[in-house]
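Reviewing the structure listed below.
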Amino acid sequence: MSERIGVYVCHCGTNIAGVVDVADVSKWAGEKLADNGVVISRDYKFMCSSLGQELIQKDIKEQNLTRVVVAACSPHLHERTFRNACKGAGLNPYLCELVSIREQDSWVHTDKAAATAKAKAIISGGVARVIHHEALEPLRVPIHPDTLVVGGGIAGIQAALEIADAGFRVYLVEREPSIGGHMAQFDKTFPTLDCSACILTPKMVDVGNHPNITLLTWSEVQKVDGYVGNFAVTIKKKPRYIKTEDCTGCGICWEKCPKKVVDNVFEAGMGNRKAVYVPFPQAVPKYPVIDDVNCTYYLKGTCKACEKFCPTNAIDFNQKAEEITVQVGNIILATGYDLFDARRIPQYGYGKLANVFTNLEFERICNAAGPTGGNIVLRDGKTAPKTVGIVHCVGSRDKNYNAYCSAICCMQSLKFAHLVRERTGAEVYNFYIDIRTPSKGYEEFYQRLLEEGTRFVRGKVAEVTNVARVPEEEGKLIIQVEDTLIGKQRRIPVDMVILSSGMQARHDSKDVAKLFGISCSADNWFIERHPKLDPVATMTEGIYIAGCVQGPKDIPASVVQGAAAAARILGKIQQKEIALEPVRATINQDQCSGCRICNNLCPFSAILFHEDTMVSEVNPALCQGCGTCVAACPAGAISGTGFSNEQILSQIDGLLLLNISHAAVPVE
Amino acid sequence: MQRITIDPITRLEGHGKIEIFLNEQGNVTNTYFQIPELRGFERFCVGRPVEEMPLLTNRICGVCPEAHHMAAAKATDAVYHVEVPRTGKMLRELLYSAFYCTDHTTHFYALGGPDFIMGPDAPVAERNILGVIHKVGLEIGGKVIQMRKYGHTVVEIIGGRKVHPCTSIPGGLTKGITEEQRKEIETMGRWAIEFAQFSLQVFNDIVLSNKTYLDLIVGDIYTHKTYYMGMVDENNKVNFYDGKVRVVGPDGKEYVKYEPKDYAAHIAEHVEPWTYLKFPYLKNVGWKGFTDGPDSGVYMATPLSRLNAADGMATPLAQAEYEKFYSTLGGKPVHQRLAIHWARLIELLYAAERWVELATDPEIRSMASTEMGKLPDSFNSTTDMTITHNPVGTDTAIEVRVCSNHHLLVPLLSTFIGNPLQMCASTTMRTITFN
Amino acid sequence: MTEETKPFEPVIIGFTCNWCSYRAADMAGTARIKYAPNIRLIRLMCSGRLDPTFVFKAFAGGADAVLISGCHPGDCHYVEQNYKAMRRFHLLKRVLAQLGIEPGRLKLLWASAAEGAIFAAEINKFVEEVRALGPLNWAQPGEQVSTPIMEEVTA
Amino acid sequence: MSKPKFAMYWAASCGGCEIAVLNIHEKILDVDAAFDVVFWPVAMDAKYKDVEAMQDGEITLCLFNGGMRNDENEHIAKLLRKKSKIMVSFGSCACEGCIPGLANFSPIKEVVDTAFSTITTDNPENIRPQISYAMPEGIITIPTLNPVLKTLDQVVDVDYYMPGCPPESHQIAAVVDLVIAALNGKAELPPKGATIGAGNSTVCDECPRKRNVKTIKEFGRIQLMHTDPELCLLEQGIPCNGPATRSGCNARCPSAAAQCIGCYGPAEGVVDYGARLISAFASVIDSNKPDEIDKILDGLVDPAGQFYRFNLAGSLLRSSKSAQKG
């Protein structure tokens, strides 16, 4: 045994020391593991502190340690810390092993003897393992300077502009005909009440005109190959049936188009569009799209009105979907959210009771460019409501639907209340569970609403019905609620009900996650690398997330994330290359028999088979280090750094050095 | 009481130990032939897939794996109730005949031969195949080597490997042979016939013409009057691969002739507490202890017994030698154990002739190799096809059908050394009559 | 208290994947959810790295049971490698049974990074199941009746 | 001066190794020229007592085949180890237990009981062989069976491993040449513990059959299938052990349209042979549905027997060492 190993047992204050007898453990390791090469074993209050790290570094230098085992918290917390400490003392960082005696021992066990014995076992496992560690160097791969942004909502727009302004190419992919996302559908934005379009459109135009941005609307990502630094992304451009190079966006085609279609996307079903259309006047790009599902020509084979009237002959009924592949170094996913479908709560009557509206419908009603020209009226399109009820937390904070808080509904509802009173003077009731106004200027807005005389009823709405019990309820919608402040059941008749539906992950978010090789939470929001410290990166190098795709948030927060993701990527682009974890598989060419068992096991197609030499080989840059091929190779020809057979098998031996049933009686 | 221990017994396949007890006068009072080994094929074949039997039982004996391979293969044919196509049967018998030639050569020159060629009193260091080669000279030695080589070459061509063949499966074989291979096999076969005749000449010159040996053979010191077992074809001629089991009594008259599958009705194994070996005997005669004669179920299964149990050989040259054999030794049956070596050479000649017969039969290549040994597609009950009963029963059954050059003890005694050559068998016999 | 009177405490080796089940264990820790101390975890990058050799090694080394855990099907950080672990698990169980090791001593557990509580609960359940099975003591070569058999000397 | 001495011995084995050595044909004369054969039960009459009489290290080369089934096997192994300079663990039995190692599936008692209660066994008093038995003339003995069959290196220290059931004759010939050359100072012997007379890769490396990316939809049994003579057997669903089995045999069995049964044992550095096959076969099963996977696995009628056919005595769970722990 030539290795000289140092073992460092952390108290983590009382987090570990409170349950594990750290002094005993460290003493035990020093004595009982001496044969395994342990030359020094210490315990210390906080190993991760600068003093703790210096302690290790001092030993590395003075004791000529060749391996270090730190017994502290989870490697996911401090592996880097201690590797860097070793590096600082001139020891290859990968010769350090951090074993967890906190998350997996002191925090989860109460029997002190057992926990102490387990700590010993865990450390002996770490010692046995670290002997077989090899000095590794990170793998360096170049970063392609171009970036792909998926999703043209405010988060995606912000990210694209940040990167493009910094002078690098961005491909912005949007599956709708225009960028803008949900924000483009809104009327006013809280708390300042400035017009959504007024602040968004300039940014949209910037994107449209930006020399560094390649805008790909009416397009979807089909396939993602490669790895951080150089992804090859295949994008499908759906046929617009418009020759964009000829189209001026004059609008004659949609004026002349005879076919009216209910607009379920932008107008949320409140208004119509034509079969050839732009979603909204300020759409970017300005080119329309022919909706080949509803277009008379595609249904009946005749019409072609648009083609007849188009001044520039920009119509092309034979246009086919087109696939392009772009090379990018990094990817930002900003694919946004879906609205909770209020129909799922039948007792609220949406879809059955005409004057129950969703928040999105109401945004369109308020919007001057919307179906009612901005007049707040009932479904009949003329009657102004005298009383309006706004129901908060629809589908949110409700274990039957979504347990989480959608974060924006309170402020949105307050905004609605304000707009209703401002424009109709109607009486407004807010039905809330709690009012949450945490951000800058939000609470002030709430106070203003209170002063405006909006009524607030604290209680979860039980039912919205049109079944009257008393004459004054006739012809009204009655909101049944328990007012928890006065502890009474109340029935409040109103003319209009607005349901503040919460946000939920995109219906296809799981597929998108698979496509880009990242993971979803239980609620299907994309999972960030760290909830606090790294909210825009993902577990997959080179893939970032921004906006509501990561979880419910309002516009400012989405903009922040878009900018943050952009900043992260700009940093990478500046470095020109990235250092990857050297945990990789390699195939011993002499031992490989070319049996081809491994060939289809790699989801990253990192394994290629040489027909000429009849052996397989791993592309280290594509390899993600999962080790599946290592485990599968029947010839034992594939080895995996960082998690080699020797390392794991020795760790098993080490872990089994102590039998737990001895825990009650200290070993020897 | 004086004791002589021979440990281990040598120049035969397998493990054995002989304890000889002498009285004050130095005469043998008793001798025990002990088998010190048990590997447990009967146990661990249970639960294995049926098609593996030809591969597993191979390992009972690496000197005659072909015998066990054939035996097990025929058992699996029976398990699936399939008739092997004629080409398949011929290929198996061709492989087996070639193996006979190589194996009998090994036994005669390497294992038994030294006793004769080197003489009973030759020093240990020389009493072996190399000594033989030194004595008879490289030219003859070369022939011996050549014969072994040819035999194993055929085994490899048809069986896939020189030792422990792997191509026999339920219903036939995994592959056939090409015309080039057939030609090669035929040529080697013709050479084998010459070699067999040459070997008989050697035996004639070295042994029969030597009075001392001849007396040893015809004298009654190595004589036991037992039953004799062998496999015979429909004309009661010796056959190695297929036929019925025929047993003749010490008087040379047929005692019984039965279908191999009925082996259990005729054979039983006696157990002694001082050895791992089990002692097979004719059930219906009964176990009377280690003694010979018509009342003792002890029987012999060797080249000699096969000649005794048959009415002749199915090929002309071998038939001529067969007649010479009995006329020289004074008619049937021959009870002198040492005549086994002569009988073996007659079988060698028969095997070589049969080898050429089969290699020149037009049907030997009548089937495309991919069609070989495949069960009818209709057959698809597979899951129950693992050995679920005592495999030695099976192994025995078919071993009896095959009736290899090594006697019936082979399967029955697979519990000890897998494969006692007749040399150790005759040793067994010898221990019996010391009683 | 003496060895005899102590209840049997099984030793279980658990293989976890870096992305889901190991994080589930971390989560259980951060949430201070208590569970039986009988399990000792080994971190692999992915359940796809699980080599049956590891399982055999654990049993041969004296473990009473082995836990294999990874991301839920479809959630694999490496897209679909946990399915390979699942396939191996199914074959492993069959082989172990033939080698005289009760299938109950090998458990496959899918746990997402968020399922600390489930992870802890499953471990407790498993420990009790193994406690019920008793110490791993597969068909002993050894004792005999009339044929004396040498007791193997433990080196 | 006298020639270096050569010995060959079989413990629990079948004699195939001996035949394989004889099958080097003319080369046997080189052996004769280069060595004095001092002990070789199959071929010459030297007895145990003759070996005991030798000096330690007197034997230059000892080819030891056969597993450690009983105490006599172990005794002779230790004896020959003492008397030999170079001890080669020769053939599958000595290296990994081979077919007789399958006995390690069962307690030895079951093995004995089965052997002495077969349908043809006439054993009314249910007799079992006794290691020591008093005869009127004196006590006679037979060896004691080990609880499990051990490999040679589980009993004595070996210098080289030569796998195969039996080792291929062309490999033996090559090794003989090497040793003779080394004795004449014309060549270097490989480092102690090396595997000789075999390749570093696995059987597929030498297999002439065409191979594609592997996915297995069902496992089949060779006698029930019409196999494509050109294509990889495993890809046709026939459980061929070739991918995990050390090369060196020229892929004899697959070349003869029969699946590799694994007699050359694991490739270099492999800890557990069966585990390699379990992992490899399972990994390429073409399904992610538990019930479907089980249906496909039903096609493997005897997985443990299939994967450990030759290697059980060398496996992690059924070798001597683990049997002690168990």
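Order as written gives the chain letters A, B, C and D; numbering starts at 1 within each chain.
To be clear about the criterion, contacts are C-beta pairs under 8 Å (C-beta built on N, C-alpha and C of every residue); 3 or more make two chains touch, one makes a residue touch a chain.
All of these numbers come straight from a predicted model, not from anything done at the bench.
Closest chain to the protein centre (all Cα atoms averaged), using per-chain Cα means: C.
In this assembly, the C-alpha centroid of chain A lies 77 Å from the C-alpha centroid of chain B. Put simply, the C-alpha centre of chain A and that of chain D have 57 angstrom between them. Per-chain CA centroids place chain C at a distance of 32 Å from chain D.
Chain B and chain D have Cα centroids separated by 25 Å. Among all residues of chain C, those that touch two or more other chains are 51, 53, 57, 61-62, 80, 84, 88. Across the assembly, chain B contributes no residue in contact with two or more other chains. Within chain A, the positions touching two or more other chains are listed as 601, 628, 631-632, 645, 649. A complete list of chain pairs in contact reads A-C, A-D, B-D, C-D. Per the touch definition, chain C reaches chain D in the complex via residues 51-53, 55-57, 59-62, 73, 80, 83-84, 86-88, 90-92, 94-95, 98-99, 101, 136-152, 154-155. Listing the residues of chain D that touch chain C in their complex gives 71, 104-109, 112-113, 127-131, 144-148, 271-272, 274-276, 278-279, 281-283, 285, 287-288, 290, 293-294, 297, 300, 302-305, 307, 315-318, 320-326. On chain D, the positions that touch chain A within their shared complex are 200-205, 211-215, 234, 242-244, 247, 266-271, 276-277, 279-280, 283-284. Interface residues of chain A, counted against chain D in their complex, comprise 590-597, 599-601, 609, 614, 628, 631-637, 645, 649.
Note for the complex: chain D touches chain B at residues 10, 12-20, 22-23, 25-26, 28-29, 32, 36-38, 40-50, 69-70, 72, 98-100, 102-103, 105-106, 110-112, 114-116, 118-123, 127-130, 133, 135-138, 140, 142-143, 145, 149, 165-166, 169, 221-227, 229, 252-253, 255-258, 261, 263, 298, 301-302, 305, 309.
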